[in-house]
Structure formats: structure tokens, C-alpha cells
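Order of writing sets the chain letters: A, B, C and D. Residues in each chain are counted from 1.
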Amino acid sequence: MNLLDFARGAVMKWSIAIFLFGMLWRLFGMLLLRRTHDYSEPRVHAAGLGALRSIIRRSWPRREFQARTAYGVTVSYVFHIGLAIIVFGFVPHILFIRNLVGVGWSGLPGGIIYFCAVITLVALVMAIVRRLTHPVLKLLSNFDDYFSWFVTAAPVVTGLLAAGHYGGRYEDLLAVHILSFELLLIWFPFGKLMHSVLLFLARGQTGAVYGRRGAST
Amino acid sequence: MSALGDFPIKVVSADPARNFSRVLAIVNEVESMLARLADAGICGSIDLRSLPMAPGDRDVLRRIFAEGEVSAVVRALGQTQVYESVVRGVWWVAHQNEDGKVAAEFIEITHMPDILRTPPDDVADGLEMLHAQLEALGG
Amino acid sequence: MSSDINTIHPLETEGARLSIKKPALRYDRQGDMSDGQRVEAAMRTFVREFGATSAIYLESCIHCGMCAEACHYYVQTNDPRYTPVRKLEPFKQAYKREAGPFAFFYRLFNLKPRVTADELQKWQELIYDSCTMCGRCTLICPMGIDIARLVGQARHGMFQAGLVPHELWAVAERAEREGSPLGATPKVFKDRIDWLSDENAVEIPVDRDVADILVTMSSIEIMKYPQAIVATARVLNALGEKWTIRLDGYEATNFGMLSGNSQWQKDLSMKMINAAVRCKAKLLILPECGHAYGAMRWDGANVYGKPLPFEVLHISEFLARNLGNGRLKVRNVPKSVTFHDPCQIARRGGATQAPRQVLGKLGVDLHEMTPSGDGNWCCGGGGGVVTIHRADELRYKVFQIKMKQVDDSGAEMLVMSCSNCRQTFDDGQAHFKWDKTAHSLLELVADNLVQ
Amino acid sequence: MSKDDSIGESLRKQGISRRAFMKFCAATASLLALPPGMAAVMAETLSRARRPSVIYLSYQECTGCGESLTRSFSPTLENLMFNVMSLDYYETLQAAAGTAAEAARKTAMKENWGKYLLVVDGAVPVGHDGAYCTIAGESAVDILTEAAKGAAAVVSVGTCAAFGGIPHANPDPTGAVAVSRIVKDKPVVNVSGCPPVPEVITGVLAHYLTFGSIPELDHLGRPKVFFGETIHDRCYRRPFYDEGKFAKTFDDEGARNGWCLFELGCKGPVTYNACPTVKWNQGTSYPIQSGHGCLGCSEPDFWDKGSFYQALSTGTWSGGAVLGAAAVAGAAIGVGAAIVSRRRHAHSEKEKQS
């Protein structure tokens, strides 16, 4: 058995298993904690609407914050959109998803994907440089931040290397690419990558609380 | 029984809307080799087997390098078709086996393909043969 | 210590802001617990209150640092220590160790070290002196984390650990014991009402057995801006309402909440609720005070444990309602006005439009600040910060944002609907010898009533 | 014809002209991807070389490789190749049988000890002391071990000989292994494929004849000249992959337009072979050109790498039960953690009361 078979076989199975295991553990462990009922008389009754509005509106900072956050927001948007295009637009990735969950769609030309990957990588590098140099981010950052960055950037780098045949035989590069993604899967539930799920919950509950108060959400 | 035409088979041919990237690469290579032949007298050769070719690419190439002034047939272990293309100095050499299948195919950029020259060994053979003939004629 | 508080820590009533006099010696640690007990108490209390809501918040932070850009302390100092979410760091550690889904592993492998008493002591400045719980960070957070609310919870832990800034602890203790944080005891209050009633020839009903409306006051108003009482009485009398003030439940400020003692918070709120229930009030009017609005309008029912049997309105909401339906009439005020939004009423309370409707009826030329409404900057005095002397320097720094906002608006008159903001402005005005004076929205209406 | 003749001499005796030989060399040089000038050098070397003795052994195999070999180039050129070699033992083609055949092999080995070329197709079963494959009472392992001792080099023809192939596939009841697992002290060239491209087999033999050495090999022992690049990289459908144009089924518009077969499970990207350039049946076509994805037959364990029709970027694992169990366990532990946390809360709440 070579590295590629290992990556496509046992490691993939167990990384998905750990992903599911960790996701459910963390979500249940959090969501089933005590919740207190709010008895106050709401100003606006549609709390669900406030939650929804907040989930959408928090995707972009309010006007008064835009000047001070423009750089960080732009960089984050670039790599988030870039990652989304790569993950959901590249045909081999779509096939991976289709094979796993049974839903597929048509993909984008390879050239566009490679271009996006390079842009994404540049944005990721800008993000980590900022994290390493900005006084606030330097102070806030911990192992989770750096490791999560690493497991996010690694598949992009290895994917580009595989696509370009740089640094080894294609099957090995592909194996390393798949393994790096599996590392991401394993880490996902335990670190801050969870924000991709939690953002809906956190925004939603703030939106519901301040929505019923009639305040900005 | 359906006629052959009813089967969903698409015959791929050299239609103009196709992707020409592969053909273009070859023609560019020929162009630079021809320039070298003209400037420095250096011959060149392109082995068509070594290039990825789609069905139909060869036809496009054949159209560009169509038969010109010279053509020859070598009969040795099957036929070898040799002709100079309309692009002078560019030769098409197709080695066939005895079944008429192509065994190797080259575009040669040269004044004269080697396969047309008589090798010294064969000259020696020829001489030997001629001597035998003369002997037979009683000379 | 508590029995000596009046003599050891006397009130400073003559200054521009109301607090206890600047203490010669600070007692920023209360009680005589050991360090271990303090940490234990802080973490226990913090974790005890932990529900799913706060858990989701703490788990969601991506350390993007955007909250710093919304915080007046960071913006004015560029000191990364003031990054809002970092103010929760020890409490986040406690959560991960004690209550999170992976708590077992965090404890087993000591992935997050136990918080130390020294750390907590250091964090006191971050949790109290440099946070007004204004909630701008909540508004900017891309994850929607309610950082201000978490700081409130962290303060509960700090209170149990006996690690509250001296002044804040002192006024809270006083409020619990005397019924008012700043000396506005029932007796003092009653004297003031009698005097104001005579002086201004206005009827102020006290302790009616039955009334439709229960009016509450902020001790800052009682002690420093007594005209607010008169203004309230004029408005209600003009409307012909059946209203009352009750000496068993008048104090609307809640230093129990600000200092972090949830039991005291409850005690203070229950006084008003019980008073309103006793006189069968249909409406409880909150004074021009920011945190009082949050404490009663949004937390009151939860303290009570069931929906309140009466409506709760901020005075600006009450004015907007009665000006809107035409029951109250005012003269035109031909002035340009800018309005300062009190954080707890606007951004965190949702009553952002009411004062603007009132100003609209007054016909003023409203020059909005930039930004305004829910995004407005905090005055820097909320969350009890204005009482803390050692925080003054920092508070003046952040107040400069406010001064620039007001100056840039180009308005002649500065109006607000929170007496705590107002005293912060007064103090800032005195400190910077600024030419802008803060005015009360309520008083502006009362002064221009058409009978 | 005498074994002691040089190759050139023996061809001349057969009346093959130098020009014809040159043509053969040009075709072979092209096959070996040698620069065009090398054809002349090759002709010179080959004509002076001694005819080498070749012993061809077959074990666990289907004779597909032999079938393939006999279809290299053309009758003429293949004959030429066989004519320049002295094929002294090959069960499939030889006239001799039984003890005579075995005697021929032993004689050839003895006469050419240390110089003959050993060609093997089929995997070698080592389970039960090699009992699964015996010839004339000797086990395949023993014959191979002995024959390899006197060989100058060994050529493993086909994926079975090169990597164990289908006999080695799960569950491998006979303990089939690759030739290189038995022969450790001789150079072994793996000419993999199921079967290998015929011209690749003859190309390796021609290389050995021309240069007297084995060609440069990759990390799996395959000649780089034929196995240096992936099917994908030399595929004429590659531009469609880059454009994101894929056939979704074998009879859709994409399939008819000749689009990339990646989605239909083509293993071209990780398969190293000469199919796209040398092609099959005298350069007529190769699987992808015929509309079917590459199976990856020249790679080790190609039979056990999941479905031929499953895209390369998908997993090859099975066992949804593990995932289900993981999900259930995760949920259970999460619920448990929440309960513990709630208990701790209730406990401290009680303490607070007392």
C-alpha cells in the first residue's frame, strides 16, 4: 500500500469519524448547557427575524466600523471566498463531496481554481503576517490560532504543489494534499475552525436578544 | 437491427472549431527548426509519437504540411512514405510495416531525409551485386 | 468596614460628578479570603452562571481583534490590553476548565492553567476601570459575541472574589444597606421632594396607596440634578396622570448590577417591583439613567422570575408616546441640538428613536453626531466607571472622542437622556474647561410645556 | 543461423538491407524517445552486437503479456526483434515439450551462464512452499531462483511479475509476490501493465541489446523512458481537464465530445505508462481515446484501489458503521459533558444556598 492508498483509505475514514465525533461532542456539550428563559416584555416580537437579520448583517461591519476594519475584513473575505471557490468549485473536490454525501454540481475550469488558490494563499499569508505583527492580534493569539491557520493553509499549498507537480511525484503530492486536508478535518471540531458553525449560533442568539429589544443587531 | 449510423458515435474530425493548442505547439516548433536550418544549416526532426495527439490533430498537420514538389517511397520492411511538404525544407517521413500500419512518423526539417540516402554498406552490397551481374554477362 | 463607610469614605457631593471622596488608601480587595479562596469564588461564580448562551459566545471567538477597533479605550490609547474580548481571558480559561465540552481534558492535561489571584487582581482594571459595558464591541463582533454581557458576568465572579474597585464596592454596599448608593436615603429624598415642591410650586405625590404610574428616580438626579424630579412632576401633572413616588421603591440605579453582586441587584430591583405591585401601578417610569433601563426594562422580569404585571418605560419613551398622541404639547425650540445616545438605552436597550421623536416635536434642528444612534460612542462614564477615581485619567482620554463628536456636530445645544452620562459630561467639561454643557431631554420638554 | 554471428551479420544473411535496418533503428529509437541522431549510433552498435540468449519464464499469468508481445510493431519488426535474439525457452511459443523443453532451458542456461537475459511474466506464489505453481516437479520459486543466478539481468513483464498483480490481489490465497521479491541480487526491470504496451517490452529489450545495460529506472523499478510521465500529463484530453469539461456518463454529450474521463474514474493522473504516446495496436488508439478511463493497470495493487469507476479524489474506504458509531459516541459524550457541567452548576448552587 502506498501513501495515496493510505490517505484515501484508512486515514480518510478515521479522520471523518473523528470529525463527526468531535463536532457532535462539542455541539451537544455546548447546546445542552442550561438556558435561561427571558421573561421581559419584548419590544419586537419576531425574535427569530432578529436572529436571521443578525446572521446576515454581521457578515459586514456597520458603516462606522468600516474604515478601521477594512484591511482585516478584506483579507479575510478574500481567503474565505477563495477557499469556498476552491472547495466547492474544483471538480475533484466536488466528486469527493458527491461521493460522501451524494450531492454534486458542476465545477469551474482548472485555471480559475489555480488562480483563486494563489490569491487565497497570498491572503492567508497576509492574514498570518498581520497576526504576527499587529499588537492586538499578537496578544490575543494562541496555539489554536496558529495551528488552525496552518491546517487551513496546508491543503492550499499542497493542492497547488500537486496541481503543478512541484516537489515530488504526483501521487505522493496528491497523498500529502489529502492527508493535509484530513489533518484539517481532525482539528476542525476541536479548534476555532468551529466558527464556521458557531457563527450562526452566536450571531443568531445575539440577534434574537437585541432584536426583541428593538436595538441594532 | 440498427444501422451503424444509429449508434451514438461521434466521428471526431478536424473541424475548425476545435482546440488547436497541440497543433499550434508543433507548428511553432517546426518554424523555429526551419529558421535554424536556414540560418545555420542544422537539421531537425520531430517525432510525432512523442507528442500527445488528439484524433484529427494529424489531419490538421497534414493539411498544413501537404505534399509539395518531391515524394518518394522506400520499400524496406514495409513501405516508408517520404515527401517534401509545400513548406519547403519540411519533410514528412512515415515508416510503415508490411501491413501498412504506421510504425514511426517524423517531421524532418532537412535538405534531404537520411532514409533516402544510400548507406555505404548498401553501396558495397550494390557493387557486389553489379560485379555478380557483370560476371554473369561474362565480362 | 461597612458600618464605617460614611466616615471613612464620605461622599463627594460638590464635584462635577457624584462619587465617594477620593480615598487616601484604596481597598480594592474586600474581605479576608486567601488567594486560593478568591480564585475559587471567582471561577465558581462565573461558571455557575454559565449557560448555553455564554458558552456559545466563548467558543465562537476567532481572535480577529476587530472588537479593539470599536472600543474607545483601545482607539484612544492603542494599548492592546484594552482589546474587549481579552478582558475575559481568565474567565475564558475558567470556562474551558470547568464547563466547556472538553473541560475534562483541559483539567486532565492542564491545557489551560488555573487562573491565579494575581491575574485576577491585574484584570480588575480591565473588567472595571476600562470597560463601561457600552456594547460597541458586541456590535462590531463578526461572530456576534455579546462581549459586554460577558464582562457583566465576569464582574459577578470578581465581586465574589472580593476584587472590586474600592469606590464601586463602597457605593454598591451603601445602596444595599441604605437603599441608595449616593446618600439619597428615603429621608433625604423626602426632604428634597418637600423642598422642591415648595420651591417650584409643583405637586409631587408621595406614597400614594394606589396609582396608575409609579415614578422612580436616579440618586444622581436626587442629589445632583433635582430639577429632574420637578420636570417629571410637571409633565405628569400636565397630563393629569394618577401617579406617585414611593419611598419603599424609588431608587432606579443598580450598583448591585454594576459592581457584580447579583443578590444585591435583585434586592434593589425587587424594591421597585414590590412598590409598583403594592400601588397597583400599570406603568413604571424609569428616570434618565442608562443602566437603570437595562436593569429594570430587560432584567427586571428575569429577577422577578416571571413577567412583570406592569409596563416599564424610560421617561424618553413616555414623553415620545404622549407627544406623539397629542396629549402633551410643547413650544417650538428654535435651536440646533445634538443628541448623545446613552448606550444602555439606545444600543443595548432599543429605545433609540424615542428621544428623536421628542426632539422632533420640539422642532429643534437636530444635528446628528457621527456616528449616532446605536453606533454612537460611549461617554466613558457608564458601568460605574465614573465613580472610580483611579480611572479618571483614562476616562478623560476617551471623553475626548465625545468632545470631538459634539464639536463636529456644530450644534448649539447638547442634549441627552441619562443623568450618569450628564455628570460624566459635566465632569469632562470642568476638566477640559470645555464650552459645551450637557442638558437633560426631560428638562428641555418640561421647560417648554404648553399648558 | 549461428549463434556466434553478430546481429548485423545475421540480418545481412537474411537479405535485410542496411536501409531497412536503419528504418528499424529509427522506429526503435523513436520508441525509446532517443534523440533522432541516436538511430545511427544504435544501428552501428546493434549490428556489431552478439545475439543474446533470452529465457522467458511464465508463472501465475494469463498469457496476456505474451499475446501483447507478439503484437509489437508489426510482424516484420517483431520478427526482426526475435531474430536478433535467441529465444531459447518460452513455453508459449516453443515447439519442444516436456523433458526436451526443460533440457533446452538447462542447456541454454549453462551455455550462456552469466550472460542471458531472463524475462519473467506472472507472479510467483510463495505460499505453502511454492506449491501453487510447479513446472516439471519444481516450484516456481526454485526455478526462478536458480535461473536468476545465471542471468545478466531480469525483466519482469506485466504487472503480475512486476508487482504481484492480480494473483497478489486481496485475498491473495497463494501468497503471490513480485519477481523482485525473490530476485534480490540482479538488476530487475519492471515492465508493468496489464498487459504492458507491446512496444514497451520490445523497447526495453532493444535498449538492453543496444547499450548492453538496463535503462534508467524509476523508484518502482520501471524504465523512466516509458514510465516517466503520467497518462494524464500526456493525454490528449488533458486540455478538457484544465477547462473543467468532464464526461459524466459513458454516453452523454461530454463523452461523445471526447471530454476528460476523470469523473468516470480515470486513474490517468496517478498512472505512469506510455499508452498516450505509443498507443496500442500499432498506434491506433488507447483506452482513453476509446472512451474509457485508465484503470491504472501499470501501478502496484491497481486491483485493490476501489472501483475503476470511482473518481480519484474520493475515498476508497468502506465502513459507514464506523462513522455512525463515531457520531453516536460523540453525541453521547457531548450530552454527558453537558450533564456533568449542569451537575457541577447545581452542586455549587446548593452550596451557595447552604
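Miscellaneous remarks
Operating definition for what follows: contacts are C-beta pairs under 8 Å (C-beta built on N, C-alpha and C of every residue); 3 or more make two chains touch, one makes a residue touch a chain.
Computed from a prediction, not measured in an experiment: that's the story for all the values here.
Core chain by CA centroid proximity to the global CA centroid: A.
Distance between chain C and chain D, defined via averaged C-alpha coordinates, is recorded as 80 Å.
Distance between chain A and chain B, defined via averaged C-alpha coordinates, is recorded as 57 Å. Centre to centre, using the average C-alpha position, chain A and chain D are separated by 42 Å.
Computed centre separation for the pair chain B/chain C is 93 angstrom, with centres defined by C-alpha atoms. Counting only residues that touch two or more partner chains, chain C has 50, 99-102. Shown for chain A are the residues in touch with two or more other chains, namely 25-26, 28-34. Viewed as a network of touching protein chains, the structure does not reduce to a path, ring, star or complete graph. By the definition given earlier, chain contacts exist for A-C, A-D, B-D, C-D. Those residues of chain A that touch chain D in the shared complex are 1-2, 4-5, 8-10, 12-14, 16-18, 20-34, 91-93, 95-96, 98-100, 106-112, 165, 169-171, 174. The part of chain D that touches chain A in the complex is made up of residues 219, 230, 232-233, 241-244, 246, 262-263, 269-270, 300-301, 305-306, 310-319, 322-323, 325-327, 329-331, 333-335, 337-339, 341-342, 345.
Residues 44, 47-48, 50, 98-104 of chain C are the ones touching chain D in the complex. On the side of chain D, the complex with chain C involves touching residues 334, 337-338, 340-341, 344-345, 348-349, 352. In the complex of the two chains, the chain C residues touching chain A come out as 50-53, 55-57, 59-66, 68-70, 74-75, 78, 80-81, 83, 85-86, 99-102, 138-146, 297-302, 304-308, 311-312, 346-352, 370-371, 373-375.
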